[in-house]
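You will see chain A twice below: alongside chain B first, and alongside chain C after that.
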Partner chain A sequence: MILQVENPVVEVHDLTVSYDRKPVLWGIDLTLPAGALVGVIGPNGAGKSTLIKAMMDLLPVGSGYVRIFDKPIDEVRTRISYVPQRESVDWDFPASVFDVVLMGSYGKLGLFRRPRKADKDAAMDALQKVGMQSFANRQISQLSGGQQQRVFLARALAQNADIYFMDEPFAGVDIATESAIIELLRIMREQGKTVIVVHHDLQSATEYFDWVVLLNMRLVASGPTEQVLTQDLLEQTYGGKLTVLTKVGELLKKQEFPSRES
Partner chain B sequence: MQEFFEFFSFTDANIRYVTLGSVLLASSSAVVGCFTLLRKRALVGDAVAHAVLPGVCLAFILSGTKNPFVLLLGAFITGWISLVTIDFITSRSRIKEDTAIGLVLSVFFGIGILLLTAIQHSGNAAQSGLDKFLFGKAASLVGEDLIAFGVVAVLLLITTLLFYKELTLLCFDQAYAATIGFPVRALELLLTTLTVFAVVVGIQAVGVVLMAAMLITPAAAARFWTDRLGLMLVLAAIIGAFSGVAGAFVSYTAPAMPTGPWIVLIVSMIAIVSFAFAPNKGWVSRLLRKRRNKILILEENLLKLLYQLGEQKQELHTPHPLQEILQKRAIPRKQANTGLRRLSSQGYVEKTTAGWLLTGQGQRRGERVVRLHRLWELYLTQYLHLASDHVHEGAETIEHIITPELEQKLMEELGFPVLDPHSARIP
Partner chain C sequence: MNAFWIILTGSLVATCCSLLGCYLILRRMAMVGDAISHAVLPGIVIAFLFTGSRESVPMLIGAGLLGVFTTFLIEFFHRYARVQADASIGVTFTWLFAIGIILISVFAGQVDLDQDCVLYGEIAYVPLDLWITEGGLSLGPRTLWTIGIVTVLIILFIVLGYKELFLTTFDPAYAAAIGISTSVWYYSLMTAVSLTTVASFESVGAILVVALLVAPPATAYLLTDNFKKMLLLSVMAGILASAAGYYLAVWIDGSIAGAIATVTGIEFMLAFLFSPSRGILLKRKQLKPTQH
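Entry: the complex of A and B
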């Protein structure tokens, strides 16, 4: 059940990504519709984060290409926004909550230019949307996990992008934060934005997303939530890794083989 | 002492130059060092510092002069090669970064010492003074040298400030920087180049062996005093500049002394003082906080005991002798006395002939501690399902830190209870 769409916002074509020669994603062909809340779902080690990182050209790809808004990603950088995993940065960095959110304006500013009043207002506005305006001057190391996640979200909001990539925004956050985030995502969808979320909780997936991508080293399914979250497809996704696929991957690494001949 | 005034009156033009030079070098490397530190590449700075020595020696051998620009160029080239080698080893083999740094540092420095020894035994008269690159000599920072190193130092400061926003984001969240279209690889290269330059200009004053300290220590010390990056850069620059001047002074008054070790000792002293005395994060301030907590616990316990004694007699307005308090709870007599005297000076208790008496204010505070204790016990039994004989110990601590807001919330969640798990009344 892999549904391809007309005029996709994201088009992934024959994408293979390897770490240390061992492929973690095999030949992904994927298109995503505009204005959808997309959940990328699969077990640990399925390559969910790798997929969205590869979509944003953060990783070298073994084969294939990604187009966003029917253009190479480097031409549409100002229209995309990334919310990395919370643990990916050192929160003891000397910065305040406001400093971090203001980073959302850096992309549009370009090199050398300093943020101006309009950028600062936008950052404050974004903080307000996630309910953190009273924390603006707080040192970031003093935040709880949920608050850190909200700060990252505010930074993305301050970018005012058209497509958002979020890596596990619900991981390790309190219930209040989780519902605040999903509320925001719904508002963003109503504004016609596309939001792609790496998610690991099947229970809430049905409720949160209107499009689901099932992944386990290869694309298992992609389509409207109710058509994708079926017993059969879930078993294919979670029913253990494909043994032969894994073994071949390990062989490629051991023999130092390229994943494509040329 | 006379030398001190002679130096710091700055009447001698030479002294002015040496001081200016040291300030520029030390502060520029300290500012660049802040970013090196935040990018967690402090050790790399050390490797580069050692790796510039072969460059200096090679430049001298090939050109036959001690022209500072030529030596700088040589230093820059090998410093840079060392960094590229570290990156190459880390990405192309199973060797981890710390091992790669160790390998590169020792190999480059070894070659450097070899070349230096060869030069010294070559009988070339022009070579005298080249060894100052080992441990530094700030006092020789005059004329052509000063101009060369000074210009590079100023350029370093300007470049760092120009790229402040970009370098900050690179250090904090590289992946995010890449997604918004920052040229991450170029910025990395820039920071690497800045680090190499900072090392190269600093070696004149400090020497290759100890240069890493000038790069990293001011930044580490500054981090203790502030949570703002902008202020951290300023503080690091000041700390660096101060140690630089001190080093220049030592170098001027005791020409036989190598400057580097002195500068490093001074900057390390500042770092140790920062570690000990910085507000909030410093060791002393943590010690004081601990002491404050201890006093608070003692005082609140005394008030609580007096309140409980009054509760037993159903008469709060009676004095209790110290002996009675200590019978209820074993507190060292001396501690109890000091605590009670402090409480009486704050107006919580009064000393009467029959013993200690709670004032109105003291009654309220004692009552609050008892209330919090019993509320917390109730909370533990109801929400954590602990047995009622397991909750007292925990409540002994928690009763002292619950804020009025949390107290209100506890009351609400427990439905404004009347009795605690031991059926004692919650006041």
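Entry: the complex of A and C
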């Protein structure tokens, strides 16, 4: 079930990525529609992060190519934003929350130009959207996991890009942050932006995304959520492990337990 | 006047090293500074063999190229041979340094350089080597001009590239995604470190450059949470160490470079003990991060 769209925002053609000559992604061929909230879903080690990194050309690619807005990626860098995994940076870095969010303006400013008032206002505005304006001068080492995630999101918002790649933005955050983030993502979609999210929680996936990419080293499926998140396709993605998961999921639904940890 | 020249030279060396060191320690690459400072030796010798003089410009070029080559090799072994980063640093710089030593000993007759001078430097000789124009006008110590120009270049580099250096140091993946080349800034930074090392090797020597590259930034890191303040404090710590080190050396009648490095160590210990935010004695009550 791999659905191709017309006039895609992202076009991935025959993409293969290997680490150390061991392939982690095999012949990925997919197109993503504009203005969608896209979830990239699959088991651990399926190459989800690798896929979005390869889409942004952050990794050496074995074969294939990626086009964004029907252009080579280097021509559209200023329209792209990225929310890396929280753990990818050193949070003891001597910087304030505001310093980090202001980085969102760096790409558009170009060489030798300093952020001006408009950029600082945009950064403050972005902080407000994630509910962190009162933390602007806070040292980043003093933030909780959820707050760190909000800061990263604010930095991406300050950039005012057209397409956003997010690597596990919901990993290890509290429920308040998770719903705040999803609310923002929906607003972004309303504004016609495309958001591509690496996600691992199947329960919430149905509710959050309108397009889902199922991945397990190969592309299993890509299409509208309701057509993709089927028992059959999920089993193909997760293999035997899923049966346990579905049983637990059904059990939880029946008993109306809260469906998420933490 | 001699004291003034020596302290000024020391302060300029300290300024360059302290500024660049801030980026190195935050990138967890302090030992790359160590590697570069040793590995430039063959570059210096080769430049010397080609030109037959101790002119600064060819030496700066030779050493600069070698410095960048070193960082390239370190990256290469780490990434493609999958050797640990520190092992890759260790193999690369000792090998290049050894080649430098062999070059010096083989061409001993032609090379007016010796290992001791390269390793330990002698800042006390700075005022002796004056730059005197054909008209007989003394323009001050030659070394001072070299390091002075390098200092201006380094400060310009950091001011003009401030936001790119800041971003590629903090979050290289994001920088690359939004179109800021991490390798351009990485290799520019390494070129700057190489230039600084070679401009300072005559005065403080290859080994003590490492002290100035690491200790003042580490001291400043303990004292502040703001990156701009860290750069500033690091420079202040470096300059203070140069001045205090000079008088310490005069007092004990010992090596000036050694005394400067000793003072940087003392500064670090003081910061470690008394830093308001991270010191072990005067730790302020901090807002602990709330668990999510």
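Rule of thumb we're sticking to: the second predicted complex is superposed on the first by the 239 of 262 C-alpha atoms of A that agree within 3 Å, B and C clash if a C-alpha of one lies under 4 Å from a C-alpha of the other, contacts with A are read in each partner's own complex, and residues count from 1 in each chain.
As a convention for this text, a residue touches a chain if its C-beta (ideal position, glycine included) is under 8 Å from a C-beta of that chain, and two chains touch if they have at least 3 such contacts.
What you see is a predicted model; the values in this text were computed from it and never measured.
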Superposition on chain A - do chain B and chain C clash or fit: clash
First, second, both or neither for A:V89, with chain B first and chain C second: both
Which superposed partner A:Q159 touches (first chain B, second chain C, both, neither): both
A:M56 touches, of chain B and chain C: first, second, both or neither? both
Contacts of A:D174 with chain B and chain C, given as first, second, both or neither: second
First, second, both or neither for A:D74, with chain B first and chain C second: both
Residues of chain A touched, compared between chain B and chain C (which is higher): C
Chain B versus chain C as contact partner of A:L143, first or second or both or neither: second
Chain B and chain C contact sites that coincide on chain A, given as residue numbers: 53, 56, 58, 74, 77-78, 80-82, 84, 88-90, 93-96, 99-100, 103, 106-107, 109, 111-112, 114-115, 139, 141, 155, 159, 165
Touch list for chain A against partner chain B, complex: 53, 56-58, 74, 77-78, 80-82, 84, 88-90, 93-96, 99-100, 103, 106-107, 109, 111-112, 114-115, 139, 141, 155, 159, 165
Interfacial residue positions of chain A with respect to chain C in the complex: 20, 53, 56, 58, 74, 77-78, 80-82, 84, 88-90, 93-96, 99-100, 103, 106-107, 109, 111-112, 114-115, 139, 141-147, 155, 159, 165, 172-174, 177, 262
Residues on chain B engaged by chain A in the complex (per definition of touch): 38, 40, 162-163, 165-166, 168-169, 171-173, 175-182, 223, 226-229, 232
In the complex, chain C residues that touch chain A: 26, 82, 160-164, 166-167, 169-171, 173-180, 221, 224-227, 229-230, 286-292
